[in-house]
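Chain lettering (A, B, C, D, E and F) follows the sequence in which the chains are written, and residue indices restart at 1 in each chain.
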């Protein structure tokens, strides 16, 4: 029974990877012409079959409308956060006294799926001012340019909670 | 003004390449020399693009970005500890 | 007007390029040079896009694609070496 | 004939280039390695994304390629910075004197102590 | 523009040769060779460039009819393309030999290899 | 010291030669005869939009066979030199630090994308910049990313060798077919030339360049795998 569900999950993962690769192929070519589509199906199929442990953006994605909405909100929140923290860091770099207070703090994450954790770590790294140094079990070690407090719970709500609430709906 | 832009950018990249090459043959640690050699080949790829040779630029980018750097550092890691620099 | 803006963007990116180059030549440790290397490759993507805009040829973007996808391999290889993994 | 969209694209190009400039400035000014990664490798990401967006406004027919470049950049850039920061922390690179707290080093030391004690007692 | 690139290529060749001739470490010699290699490629590409022309790929920007007046010389590009790929092969071969030499002798200093000196 | 002076004198002479060459050099304003021929005839004769590809695959196809052979020889010599370390079960006993979870997940995400980009580059070689050599290098970069993530990962030497030899064989067979059904060895017109600018055009060029891409990728991969499986000395 268990092997069957595992097999089912495996086949589903492969199918998702195949569809994602085909999407990328269409975007690369920029056309929907029938010849490039045939070649694209062949190439994506062979990559999917040859490289067994591949993941894609949607591997553990929950295919519910709620998850898609959360995805949209996630990207909106992410870009807002990106621009905001860029301006914050720009102010720090441009001020002559360089008012930084760096340190490495520890935060907790609730995410279990691989892709969700990767997306979380990447989002934290991409927003300037925070940089993921190590991911160990449920603990994330984050380097901050300005450390406000060293209390784990407080820093967690400050850095992680915003991204996590969306990613949890998307990937679980 | 636009006429002057491409020569100016070419000059910028030329200066950067000569600087990187200087680092490559002059610096003490060998790892930095290898890094600088990789930088020379990556900047050369952009220069090829400015000279309207996209095929060559793509070859240089694909080969210079990962493969050459990896080969150099791999062999350096294997022989490390056996000599002075 | 747009041409002037492209020139301004190229000048600003050129200054960033020179600053990163200064860090590469000066940089006290190897790690600093690796960061400068990373920044130089990312700024190079900007120059590729600008040259595609000036020459008005979309096919030049393929090289930017290769750059974006492969330039991090060099940094990872160097990080592995500095960690002592080879 | 320059339209409004062209102006917007040009402005986005200039904005992106100024973020690149800030990244270059940060890489020179910041005092230690981790802060340099923060300032250098992160502001450049937003700068490059803005430049790609501006190019998309100027030439809408390149949209797909520019989108793909941005997407790849969003996934490769943080990966390399993270691997580099991790390697630097493992090697034990010198941190600036302004650093207040380093919980990772503390935790690593703790687990190492625990492992040593366990080996002695068994 | 062509002059800038040619000067850069020549300077890179000279620097690479200087490094290859004065260093004693085999790895450094290989690094210098790769710098000189890049310089040669730049000169070859610069020779094929003509001012005001564009890449030899025909599409909407360059229609077939005016190709001969709009594109640059494609022959040097084809040469350089093969040269780069072969260059990587040669670098790999040199590095493999260096590794083997180190395994045999325990050093990479060429002044220690005295079998072929007379 | 005397050696350094001799080296400097030699380089000075070379530099003077270069300066003399640069002063006498005037850039052409017109294409020369060969370039003009290629520019005017490629579109009708070959059907490829990328003229560099047409030169490499068809006009100078024999050179490309030679080049691929040189690469094959290089890969074989590297494998032979380092073959001592390939004893089974004994390789790499030392402890390596773990590669973090993020890099592992990220590489599983990126390797299919890099392979896809490589395939795109070598299949579209006749339309966009790129082709077999570039695509092969990109495919080998995907293998390199896997190696960097997990150095102990086992790659099937047999698979690499099979891909390498089958694509090489097909390359030569297509060349010989050109001898019988079209104008000469490696002529691309054994397949219809098609409409200029579409994917299935330019006769056999996409097929030949894909085969070259697979072959070059397999050769570079075998070099990388052979190097990384050597024992630590």
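Rule of thumb we're sticking to: a contact is a pair of C-beta atoms (placed from the backbone, for glycine too) under 8 Å apart; a residue touches a chain by one contact, two chains touch by 3 or more.
Predicted, not measured: the structure shown is a model, and the values here were computed from it.
Colleague: What are the mutual neighbours of chain B and chain E in this structure?
Modeller: Intersection of chain B and chain E contact lists gives C, F.
Colleague: What is the set of chains touching both chain A and chain F?
Modeller: Chains in contact with chain A as well as chain F: D.
Colleague: Using the touch rule stated at the top, which two chains are linked by the largest number of C-beta contacts?
Modeller: Chains C-D share more contact pairs than any other pair.
Colleague: Considering only mean CA positions as chain centres, point out the chain farthest from chain B.
Modeller: Comparing chain centres, A lies farthest from chain B.
Colleague: Measure off the straight-line distance from the CA centroid of chain E to the CA centroid of chain F, and report it in whole Å.
Modeller: That gives a centre separation of 16 Å.
Colleague: Could you grab the centroid distance between chain B and chain D? Build each centroid from C-alpha atoms only and quote it in angstrom.
Modeller: 22
Colleague: So, what's the distance in Å between the C-alpha centres of chain E and chain A?
Modeller: So the centre of chain A lies 40 Å away from the centre of chain E.
Colleague: Pull out every residue in chain A that's touching 2 or more other chains.
Modeller: Residue numbers touching two or more other chains: 24, 28, 121, 132, 134.
Colleague: Give me the residue numbers in chain C that touch at least two other chains, ranges are fine.
Modeller: As it turns out, chain C has residues touching two or more other chains at 4, 6, 10, 17-18, 34, 55-56, 59-60, 62-63, 65-66, 69-71, 73, 76-77, 80, 82-86.
Colleague: Residues of chain E that contact two or more other chains, please.
Modeller: Residues 7, 18, 49, 54-57, 59, 77, 81, 85, 88, 92, 95, 99, 102.
Colleague: Using the touch rule from the top of the page, what pairs of chains touch, sorted by label?
Modeller: Touch list across chains, by label: A-D, A-F, B-C, B-E, B-F, C-D, C-E, C-F, D-F, E-F.
Colleague: Mind listing the chain D positions that touch chain F in their complex?
Modeller: 72, 75-76, 79, 82-83, 86, 90
Colleague: Provide the residue numbers of chain E that touch chain F in the complex, in ascending order.
Modeller: Residue list for chain E touching chain F: 2-3, 6-7, 10, 13-14, 17-18, 21-22, 49-51, 55-59, 64, 67-68, 71, 73-75, 77-78, 81-82, 85-86, 88-90, 92-93, 95-97, 99-100, 102-103.
Colleague: How about chain E: which of its residues touch chain C in the complex?
Modeller: 54-55, 57, 59, 61
Colleague: What does chain F use to touch chain D in their complex?
Modeller: By the definition above, chain F touches chain D via 97, 100, 102-103, 106, 109-110, 113.
Colleague: Quick check: in the complex, which residue numbers of chain F touch chain A?
Modeller: 100-102, 105-106, 108-109, 111-113, 115-117, 119-120, 123-124, 198-200
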